[in-house]
Amino acid sequence: MAEAMQSINLQAGVPISWYLVLSAVLFSLGVAGFLFRKSIITVFMCIELMLNAVNLSFVAFANQHKQVSGHIFTFFVMVVAAAEAAVGLAIILTVFKNRETLNIDEINSLKN
Amino acid sequence: MEFIIITLIKLAVIAFVLLTALAYIQWVERKVIAHVQVRMGPSRVGPHGLLQPLADVVKLITKEGVMPPHANKFFYLAAPILAVFMALISISVIPFGTEFTVLGHRVMMQLTDLNVGVLFILAVSSMGVYGIALAGWASNNKYSLLGGLRSSAQMISYELPMSLALAAPLLIAGTLSLRGIVDSQAGYNLGFIPKWAIFTGPFPQIFSFIIFMIAAFAETNRIPFDLPEAENELVAGFHVEYSSMSFAAFFMAEYSNMVTVCSVATLLFLGGWHPLWPESMGSNFAAPLILAGAGAICLYHGLNPARPFDRFTLPAFAVIFFGLAGLMAFPPLVPVLTPLFWFLAKLSFLLFVFIWIRATLPRFRYDQLMSFAWKFLFPAALLNLLVTGFLVALVS
Amino acid sequence: MDFLFFFLFAFIAVACAVSVVVQKHPIASALSLVGVMASIAVLYLQLGAEFLAMAQIIVYAGAVMVLFIFVIMLLNAGAESRSGRSYAAQLMGPPLLVALMASLGFAIMRGFPGGGTVKFDSFQGGTAQNIGYALFTDYLLPFEVTSVLILVAILGAIVLARKEMD
Amino acid sequence: MQNLWLIPALPFLGFLINGILGKKLPKMVINAVAVGSVVLSFLLVLNIWSSGGDLAANPIHQHYFTWIQSGEINIGWDYAVDKLTLIMLMVVTGIGSLIHVYATGYMAHEEGYYRFFAYLNLFMFFMLNLVLGGNYLLLFVGWEGVGLCSYLLIGFYFVKKSASTAGNKAFIVNRIGDFGFSLAMFLIVVNFGTLDFTKVFAAAPGKSTETLTAIALLLLLGATGKSAQIPLYVWLPDAMEGPTPVSALIHAATMVTAGVYMCTRSAVIFTHAPIAMDTVAIVGLATAVFAATIGLTQYDIKKVFAYSTVSQLGYMFLGVGVGAFSAGVWHLVTHAFFKALLFLGAGSVIHACHHEQDMRHMGGLRKYTPVTMAVLACASLAIAGVPGTSGFFSKDAILTAAYGHAPWMFWVGVVTAGMTAFYVWRAFWMTFWGEYRGHGHPHESPWSMLAPLVVLAFLSIAGGFLFNVPKILEGMFPAAEEVPGESMLMGISIAAGLAGIAISYYMYVVNPKLPQRISDGLGGIYRLVYDKYRIDELYDATVVNPVITGSRSLLWKVMDQGVIDGAVNGVGSEAQLAGGWLKMLQSGNIRSYATWVVLGAVCLLILIGVAEGVTR
């Protein structure tokens, strides 16, 4: 990284790839949360985190190509995420009502 | 560098004026409500109770901050800070007047002119709900939890009609910058009807103004929509456990939000700092005349005192008013101060309406509140937006 | 200036994201997520997507996350219990995550060795006007389809959450 | 600029309204929607008729959108109106409107009132689409659509086994014809590269006779299905299971004439394929005679008219086959008038006799239903070709042209005309003269039913003058050759018609015992004709039963149960075995699933990375 820092002109601006790396890091953190958290709400939030990470790379690409399409993609992702949150939370409410638990490991009726 | 210095100066001025004003709006509120209810209001501390805000601040600072047991300390302390922070930050994009030049520097009467200013205000105000919701939750009290739940549901619900009502004048103005919106409302129809959004355009925005104001009451948790703190149901709602400065922070946030929404309404619907009638008909003289009139009234009552100390205080006020009138009439300052005067006049009028309604109306029931938002306000705002959009498309 | 800005908010974003994952209490996770979203919104500003930055705050932070917090409060979700039963996740998770991050980083560095650079104002196509124009010309059909999707989601949410909570 | 799309769109709208909301709507609204939409279409057609200008020189052609685009083939949603189309439009919408009005009275007390009108409107939509379509595929859409509606409406009383069987029969028999039509279209696409009428007809003269003959014969196969010609006529008599307005509209006036319309539309192809033309003429003539003989013996009033329809359709095909296209269309128009009237009148009679269809249980109705009798008399006069009535002109035109083509065809046609006159008047006498032989009290129908009858009666009588089709269509088709001794031929055919009427009067009014004696005398032949030559049984024995037994023994027992089921079961048990191992993965734990997903993603990423590394 140090070499990379030297080779980059501080006046030129931040390289696009750094944004992508940031996006990848955030995405991986979202995956980590999905894998290791047990509260269904937190797991759901980690999905939102992953979506946000992906959005960031869309916007970075839009900047790279100087096109607005990436923004449109992000916009749609946001809209879908909002819809997904509404339905997802309603599902969580129903699940909680029926099973009295938010632990994702105990919601395993799909087995067998 | 120059930019940073000017910004810092503006920041200091605005912060000082705003925070003082917030304290005194409360004084005004108490006075107005008292007079509506045929009482005196605060009158002990200082002449006419004018030092009451100061006394309140001293009282709140010196009180003990109580931490309820089993409360989540971090969020309990963070919530009021969050609330007041989000309330104050939106002032930064609100313009108060035109540009002027001082010592060769161009200065805007605004902290920063964002070209998505309206969206910024919406974004920040939507964040404001966190403070209240968190406060309600972190207090570990069922009343405050209910208050927090209510406020989050209420604020999300009323944000929709509010945004839709905002969108209609935006369609006419064609910009999201608050300064640009005000500029688009300059001029007069027929020579004397101002081209404010509520009067003109392809579709006068009077409906969206009314919808916006109603939603603004709900967003600021003011009567008749102060369900989150309904004292006869929830004791004091989300801030029942708060005391001392954290309690003051919520108060500040509420009044600051009031100032913000009234400013937005002024800018979007009431033409910002554009006078009510054209300069050619002498609107520049309105400010000094009104202030001088106020001075004259004070002087008269000072000479015919109702209470003993009026003999001293009222003439002092008269001198202040006359001085202000002189400032307003001082030619080099006219282009700077007259717009500011008009802006503040409209803002004060709207704030007065807020207080007036608080003194007048009872509180809604919670289900009424929600069904009013979703079944009436939202469709009405949508309809208004559709009609406006259609007419704007038709005209252009 | 640009670097400082990027590093500041990238750091906040990563810190908040770590906080999302490690905080025990859902409310804390949710607020950390709001922090991630806000800092990403600021980065959007740097990337020239001012409309999206505001939309990000309004939609994600202002609406979606409030909904999360609302549900957390409503269900009174406490800190999660320790009883986990996913051996697959526990055994394979950490190495997989490292592999994922490594391969993603490798792909990015390989695919965009040079790439462009980002400065403030280097791209000004992200105004509300541009987005609106693109949305209602080239992307009109997806836009309409999305509106139908939202309608369906509203109906779904209402149907799912309709019965009174006991 | 007429908006042609409005003409079919209006009935379609009516269909949507009645079909979707009909259950909840009051009858008044259903009536208004159903009748109103068709009448509006009729007014639109009238507007074209009155302001059309010179359609011969400038046919209206409107392109709405490209429907199918595949390689060279470009099929648009085009509507075109020339004079032929205009005449068809007049017939379809005009008679359609009348029958809709009639049906509001006839169906007033039926279950599924809205369903009936929804189907009827849908039928109008498809029929108009068929007529308006500017290419074969669009015509085919209408063609299939009217078939569908016909099926739905024949089986309207679907609780009755015979009705649903009849619907199935109509549908299945038509499939054979549609198969021919489809093949014809494929041939056209292969040879012409387009399905547009204008382009096909412009290019047709340059193609080889063999190609055109093949296309024309396949088209004819389609037409025999839809228009109930030998050998595919068997469905039409059974189709009388449907409500009478349906029989009038679909199975007499409009849909069954679609075959004639299609052949006329393809006149250019047919005229360049002489063998096909002769086939058309012979099929038409054979059908005409064949159906007429069956008609002589039937007792069910609707069956009589159904066979009459088959026979008259044969006439139209005869006209087309001998090259007198305009005469064929003329007969189509006049036949639409008087046959619709016959059916509607029959409906009125049936209505009067409380849904009794057997003529042996009628009789003497002239006292009870005078208006119905009067209008039926008009129709019977017209179909018998009494001079001055509409049927006379068109039938005479066809017979004259047939004489010009081959004199023997003329003579067969004349005999058929005599038989036609005989059996129609036989039905007339049996219904209205003599003593009433049924139960209950016959009553006259309401005016909503009678008014259309009166209009149609007027048209049956005067239609020949009002719509001189050959004159309208002048120049569209090659002129028929001049025939010497036309007036003599005319005299012969008139005489045949009058003789038929006279004989029937003698046999059924003057001397009612005679028919029984004749049928007894003829014995076996009579039984054969009475049983419709046992054609249905023949088809059962030769086609239907072999197919059924074949599918049962070979396809079901061997193919389905042995091969296919065996394969499916085998796969299933294999999958069960594999699944037994794989179900270890299905822990039901979302986090485990997510782990597998991540594993997959990482593998993919590494694969891509390796691939890139290899290629670089």
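For reference, chains read A, B, C and D in written order, and residue numbers begin at 1 within each chain.
As a convention for this text, contacts are C-beta pairs under 8 Å (C-beta built on N, C-alpha and C of every residue); 3 or more make two chains touch, one makes a residue touch a chain.
Everything numeric here is computed off the predicted structure, so don't read it as measured data.
By number of C-beta pairs in contact, the leading pair of chains is A-C.
Distance from the subunit A centre to the subunit B centre is 37 Å, each centre being the mean of its Cα atoms. With centres defined as mean CA coordinates, subunit C is found 5 Å away from subunit A.
Computed centre separation for the pair subunit B/subunit C is 32 angstrom, with centres defined by C-alpha atoms. Each chain gets one centre point, the mean of its Cα atoms, and the points for subunit C and subunit D are 63 Å apart.
Looking at subunit A, residues 31, 35-36, 38, 105 sit in touch with two or more other chains. Within subunit C, contacts with two or more other chains are made by residues 51, 55, 63, 67, 74, 84-86, 89, 93, 96-97, 100, 104. Applying the touch criterion to all chain pairs gives A-C, A-D, B-C, C-D. Of all residues in subunit B, only 72, 75, 115-116, 119-120, 122-124, 126-127, 129-130, 133-134, 136-137, 145, 148-149, 152-153, 155-156, 159, 176 touch subunit C in the complex they form.
Residue ranges of subunit A in contact with subunit C, taken from their complex: 10, 12-22, 24-33, 35-39, 41-42, 44-46, 48-49, 52, 55-56, 59-60, 62-64, 66-69, 71-72, 74-76, 78-87, 89-94, 96-97, 102-103, 105-106. Taken together, the subunit A residues at the contact with subunit D in this complex read 31, 34-36, 38, 43, 104-105, 107-112.
Touching subunit A in their complex are the following residues of subunit D: 583, 586-591, 594-595, 598.
Looking at the complex, you find that subunit D touches subunit C at residues 587, 589, 591-592, 594-596, 598-599, 601-602, 605-606, 608-609, 612.
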